[in-house]
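Quick one: this structure, given as structure tokens, is what I'll be asking you about.
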Amino acid sequence: MADHQNRDKIRRKIHEIIFEADTDSGKVFDEVLLILIGLSVIAAAIETIPNIHHDLQHNLIIFEWIFTLIFTIEYILRIYSTLRPYKYITSFYGVVDLLAIVPTYLSLFFAGSQALIIIRALRLLRIFRIFKMGKYVDSSQIIIRSMKLSLPKITVFLYFILLVVCIFGAIMYLVEGSTNPSYDSIPRSIYWAIVTITTVGFGDITPNTFVGQFLSAILMILGYAVIAVPTGIVSSEIITSRRKSISTQTCMYCSAEGHDDDAKYCKYCGEQINPVTEEDEG
Amino acid sequence: MADHQNRDKIRRKIHEIIFEADTDSGKVFDEVLLILIGLSVIAAAIETIPNIHHDLQHNLIIFEWIFTLIFTIEYILRIYSTLRPYKYITSFYGVVDLLAIVPTYLSLFFAGSQALIIIRALRLLRIFRIFKMGKYVDSSQIIIRSMKLSLPKITVFLYFILLVVCIFGAIMYLVEGSTNPSYDSIPRSIYWAIVTITTVGFGDITPNTFVGQFLSAILMILGYAVIAVPTGIVSSEIITSRRKSISTQTCMYCSAEGHDDDAKYCKYCGEQINPVTEEDEG
Amino acid sequence: MADHQNRDKIRRKIHEIIFEADTDSGKVFDEVLLILIGLSVIAAAIETIPNIHHDLQHNLIIFEWIFTLIFTIEYILRIYSTLRPYKYITSFYGVVDLLAIVPTYLSLFFAGSQALIIIRALRLLRIFRIFKMGKYVDSSQIIIRSMKLSLPKITVFLYFILLVVCIFGAIMYLVEGSTNPSYDSIPRSIYWAIVTITTVGFGDITPNTFVGQFLSAILMILGYAVIAVPTGIVSSEIITSRRKSISTQTCMYCSAEGHDDDAKYCKYCGEQINPVTEEDEG
Amino acid sequence: MADHQNRDKIRRKIHEIIFEADTDSGKVFDEVLLILIGLSVIAAAIETIPNIHHDLQHNLIIFEWIFTLIFTIEYILRIYSTLRPYKYITSFYGVVDLLAIVPTYLSLFFAGSQALIIIRALRLLRIFRIFKMGKYVDSSQIIIRSMKLSLPKITVFLYFILLVVCIFGAIMYLVEGSTNPSYDSIPRSIYWAIVTITTVGFGDITPNTFVGQFLSAILMILGYAVIAVPTGIVSSEIITSRRKSISTQTCMYCSAEGHDDDAKYCKYCGEQINPVTEEDEG
């Protein structure tokens, strides 16, 4: 019985370290884990460099196995310590954590399989945990909330951009297509229009004719000017969401939400918000 | 008589589905139509890829005809169901809808006509309907209103950009023209200046001389810094048009200001805002 | 005597048309003039295209002379109609107006002189008149005022950018210089750094080594992120200058300025602002 | 004794000129020094241009020595005039000031040493003094404060960008790697992804396959749209840090709010704001 209690205690302790970001040990665990994930990703990336020195490649494979073993132990401990292992295993992070270790084991059987690299790259998704770390939670939430609020407007903006690049792509195909082999199809012309309107400007496809260059100039200035639109939208969302810092309080009488932080009375029914708290303070 | 009434009912039903975006069936129709337009445009774009597989091209032509038939039926139903068909036919969307189907029929007579593709691309304009769809209406209107309010300032900004690129184009023609065949005329130099100030930077035309590179550097930094101007203009328009929706009402009892537009009670003292107006409405 | 009065009347009429933008005829004159300036600049630009058709070049020269004659007449009328001709001749626009017509006459004596083109390009400066036209005055002033207020901050920002590109230029010269002929001097490396940080990215100079590409990546992300700084500065200036729409009133008692539009009492000495106006309204 | 006092006076005078930016002579000294630093950096940069004219190089070396001698005298005077020379010598600017003169002296012993150039480039760091100059102090502090406040959000944003470029880099390596030698390793593909998402677009590495171009288009639009996020963050920080300087005081007589920080009288009713505080000060 004491043994069982002891095991339970260890289990709870492991859970606290691995899953909770509030405790000191939990924070240290999170940071060490993130550094390991980062290093393992860098190692996997370097491994793909051609003509790499033989010794370095040898060392990278050793590192690869060390990282995989650590992540395997971590994965087992996560399943062991959680009360509902099936829920964790089937969760987003559970699947990502498993995919982070599987490719290395599979490489024993299917040597040199290219497709495994992409799965190994999934290990990067584990870095998303960073946004759950204490010091970044607030910033992440402000960004995510602003993005969510901006989404319909950004969508409309992207539809507009899509329309413009399709129309310019089609026109440029007609204008340049006959003399310029770079514009040999509409999809390629649309690719060029995207490269141009986003001001990326690779230069792999460029107009030669006077009309083509004139149309390009219009597209560039358009891209240069309309970038103001998403920027203005997101700016206004962030500023508004800051100014209001809308309270999460709900009126007890009419269930209305969206009260300002400094509101003492419900703006819809006129009753006090949180009267109990008021009295507690008094 | 009953037959006539029945026909009228069908007609009204069709009108409701095709023209109105508020009803459920209207929404479904809009979304299906948009997907069909998107697919037909993608098909038309793929068709232009050279050396495309023969079977795929064959299928694309079949798709093309299916889309055209559907759009033809839709066009006829629109004319049939509307009470003022001439108004629809001569309206912007009426012309676009007609232009979307005509090229395919024309291709029966004028095979391989390149120019028809550009007309087919007009079908994309139908996507503008997206901005009339329920979930995007608000966002579209905010963007359009902000753009309209920013227009005079953006125009002044664009005149300034135009001036700068003309002056830099002329100077670069003088500086680089004699040694660099890329700057062989002022229009080409202006094209380069636009590519540079908008930070697109294709790299098809680049300065070789020291003076040319020095002037380019100034132009780039100018372009990099002045992008702040349209962005600031649009941001301020969007923020201002949002802030305006904060009511100018003042509470009669505690003189507090800054109530939301929809507030009925003062959020600071709980008394009614504008009780008289309330009674007037009552 | 009557003749003298008549001449005076004509003179005043000409002055009204040419110099004043408020009257209807003045507006028409301004717009026609701007279109002529635009056309003359376009003609001058097209003239520089090599291998241009002989007939077109012939026509362009004729146009050139027509524009020059019109601008000459305009210049003479300006001197004639103004009361202080010397003041106009020595003013900025007076000099620009003269420089706009001189090159064509000089071309009679010094045929094919390259240097004349740059002077001819000065004709563009006449377009600055656009910012004095009624419908653009307000927008121009908001932009100019915001730019002026942002100037010290933008200057600090540009010093920072200058520092960064110099440091990165020097480092890249050391890192890439030995193996990459594109980075053969520090000025050229600094030019590359400017091309990169402003996100122009011509691609005429690109890093080859791993360290060089790594440093480039840092420079790019820096340039991508710090663009937010001037944008934020200008946005805040425009928003602030709108919100305040600071009154031009000066307190009669303490000479303080910068009162809000809705201020009735001086915020520094407590005396009424514009008490007379108050009474007039009362 | 008088001699000692005299020396002390000279010392204090030197300290005032060299270290203090408030006095007129101090301002002149700062500006002359900055121009000299700028010139010395330009000279050092020009010196690296290959095939430079022999005479110019000769002059540059002379200039180099003149600048070094001036900076040496300045360094000695700084040590002499300050009361705590060790504190200055070990401070950031003390080290930078020393590093600015050492390379030239070292070049006497180690001729042509490349590594010395990078140390010489450190002289640029002296330009950071510009941000301590009177007219730029306020602007610098606003920018620095806004940057500090934005830092956690910008960090989250950069982590997100890092994630996206790693994932796109890995995918592009798989998609393009086999047919396109430009994507021969994941680090190179990540470098390309950074070039693309930041809209720099060198064009040294570009996708050839249809899938690769499609993915590039997504990456470009992403980079084009998410630039709105840091811009929005910094804009909101700058605007908020400005707005805060609006006083939170309320007029005791008319309850009006929104007074400026420096307001002493209510701008709506003309009564004193915070009369008690006034008396306290008196």
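We call the chains A, B, C and D, going by the order they appear; numbering starts again at 1 in every chain.
The criterion applied here is as follows: a contact is a pair of C-beta atoms (placed from the backbone, for glycine too) under 8 Å apart; a residue touches a chain by one contact, two chains touch by 3 or more.
Worth saying up front: this structure is predicted, and the values here are computed from it rather than measured.
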| item | value |
| --- | --- |
| Reference subunit C; chain at largest CA-centroid distance | A |
| Classification of the subunit A:subunit D interface as same or different, half of numbers criterion | different |
| Comparison of A-B and B-D (more C-beta pairs in contact) | A-B |
| CA centroid of subunit A to CA centroid of subunit B, Å | 28 |
| Centre-to-centre distance between subunit D and subunit B (centres being mean Cα positions), rounded to whole Å | 40 |
| Set of subunit C residues in contact with two or more other chains | 157, 187-188, 190, 199-203, 223, 227, 231, 233, 235-236, 239 |
| Subunit D residues touching subunit B - in the complex, by the definition given at the top | 199-203, 231, 235, 254-255, 257 |
| Partner subunit C, residues of subunit B touching it in the complex | 152-153, 155-157, 159, 163, 166-167, 169-171, 173-174, 184-188, 190, 196, 199-203, 206, 210, 213-214, 216-217, 220-221, 223-225, 227-229, 231-233, 235-236, 239-240 |
| Residue ranges of subunit A touching subunit D (in the complex, touch as defined) | 41, 44-46, 48-50, 114-115, 117-118, 121, 124, 127-128, 130-131, 135-136, 138-140, 142-143, 146-147, 150, 154, 157-158, 161, 187-188, 190-191, 194-195, 197-204, 223, 227, 230-231, 233-239, 242 |
